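Take a look at these structures.
Paired with chain B in one complex and with chain C in the other, chain A is shared by the two complexes that follow.
Coming up: the complex of A and B.
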């Protein structure tokens, strides 16, 4: 099976439809946990998980605090909580201050995952309207994790991938189709 | 010196015991403090011993002080339809908000009580480890524009409960100063008191009908969670409600003493 233990995806504006599309085309036996941190509008706090669950053959959960991460499940950062990945393979949540006006902050999820998984993870930054996630992806790269940034030319809002490209020289810059191919061919 | 040694020494030098806080989150908080102050653990310890203001700032930075008006509107609507309908029909109703921070949840609950015509029977207590946030809670004044989503939460809850209420019924808004302040009839209700959950018993002699402790125990390890829930349990009437954060659950050791009622728990009557 794969050298990786998890795939961690961050995105904001425009990323929801994109993630839905990607997950609906992911092979059903995808064997890794997928951890997703997406900004959402304050008034759209529910429905994301339900929508994802309808499109995906994998089980979608908004994790409880200290929930154990299992292969083949999709973990979606709950609205209004930061989501951290821990050494012991669990998720912890917090209501700490917002970071770059964001809660959940993609930086926190990616940076904590980088410490927990080191080189055994894939970090992906998708379309989005602010700079959250860039620092986190740099931490992933520094720990030799595999990094992918969505090609800004294909992004609905290119601010987030551009910010990531400023800080990180990722292993790959891909279109959404390219990212999907990459995931489906992960061995 | 690692962060665990720091916490032990911090406990010896102050009255604050953070030793049973959850390792991962407290180590992140401490790392941020070290970065922000550009001081080592040793230097911080030396300074907290002699500088009261600095000590308070460190406590302020270690603890998480988030609260919102009507956080999770769906929860409040479901409380209205369930436990609020079962509150005592006469006499005093006692509410306890633990880790209440700047008091916005305390005021949210009192707004619900006012809508239900129960405000005059309410005894509302907010406790927190941090005296600074309690002063803000007592004053009941908050930034306005930054918190516009409070209005959305408020409207969602009022609509969901079928109440005909306006935000301005409860808050005086000063656009120029960019502040909103709880109206005097709300402000006079709650009592805010310091309580260190690790070391102190409840700082009042009453039993309670409803306890809110939302997104507080996510920062504690299991041992401390069990200790605190036991302390709370002993203060609750039979069938009183315990409300946790949306993504929180009781430890397996504690949950046998409660019944799960969807978004909250009730205390099982003693046999």
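Coming up: the complex of A and C.
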């Protein structure tokens, strides 16, 4: 059994194709919730979750506020809402001010998950074009969660993983294939 | 804070409340809880705290599909009473007023509650930065109407934009928490994305109160990601846009 309760992934530019590829190759019996916060166009509400769902054997949802997090489901931060993880195992959404010009902000999802799950989570930062997520990943590391940063050399846009590496000494720096292997061997 | 300000902060989500209070204290350069207690004794600072505790609406015509759905639901109406229980800035009310003007609904009575004097001042003197105006304009264009943005907004010399002053004619503003002993009822209540800040219990209480504030056949509009978790006699008529009918 895995010691973890959730995997939280943050990404921006270039990350959608990567996540799509990873989900398509994830074990069908992957038993943890995967919480994904990706920067996205705020006025386009549909399409992203549907595309992910087509490639994944896990159920993909854009959660409603106060929705309970369940094992084996993928939760995608809705457009134009911040997504927070709560102590009671639910998701809360918010229209609070943007952070680093982003809503949803990866920092918020990771930091709140770090408080809720502490050492029982995996935090992953993928390719992206700004520094959002770095502080959140540091919070995960500070709570002894397991941290992974995509190798900037393999990133379509390396700004986000580089920013994370400036703040955090992650447990692993991996290629996309390496991240996938890690996830598939989690359980 | 609940006692001094009159807003039911005790029913707010704990993590939201902590986050928001930290932001307020940071903005107001308060470094300790003692600073907060002291500020709560000062009327101007109480107003400032109340203003900052509120999450401002993000943009005008946020979720254009919602406004299109609302337009569809209001088609054929000639008069309307509308309540905004929790105005956080001018974006929601101006969006609605523009919508009704576009539709030619002439007899519209609007009541809006604000929790602080500063919020009211900002609504009445709303000026939109060029950057925000760009977002508002693109949302407006997604309403797919034949009207022009310039029919309702004017560009100032410095490039910023402001709504035409006539848009707020006849709007009644009330200051204070919206749950009162009032028996007023309305044809439409717009309360989008404020339930996000509340705990389950306050969420339930507020939705029940808002449902009771509707006339028969009236509509309640919530944010598109806010579930209706209270046991109320409302039917989702636009489920994707969270519009409910009594």
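Just so we're on the same page, the second predicted complex is superposed on the first by the 183 of 187 C-alpha atoms of A that agree within 3 Å, B and C clash if a C-alpha of one lies under 4 Å from a C-alpha of the other, contacts with A are read in each partner's own complex, and residues count from 1 in each chain.
Note that a contact is a pair of C-beta atoms (placed from the backbone, for glycine too) under 8 Å apart; a residue touches a chain by one contact, two chains touch by 3 or more.
Computed from a prediction, not measured in an experiment: that's the story for all the values here.
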Superposed partners chain B and chain C on chain A - clash or fit: clash
Which of chain B and chain C A:185 touches, first, second, both or neither: neither
Which superposed partner A:93 touches (first chain B, second chain C, both, neither): both
Common interface positions of chain A, toward chain B and toward chain C: 43, 45, 63-66, 78, 80-81, 84, 86-87, 92-97, 112
Residue ranges of chain C in contact with chain A within the complex: 13, 15-16, 19-20, 55-58, 62-65, 138-139, 142, 193, 195-197, 200, 203, 223-227, 229
Residue numbers on chain B that touch chain A, as the complex places them: 22, 24-25, 28-29, 64, 66, 71-72, 74, 149, 152, 215, 218-219, 245-249
For the chain A and chain C complex, residues of the former touching the latter: 43, 45, 63-67, 78, 80-81, 84, 86-87, 92-97, 103, 112
Of all residues in chain A, those that touch chain B in their complex: 42-43, 45-46, 62-66, 78, 80-81, 84, 86-87, 92-97, 112
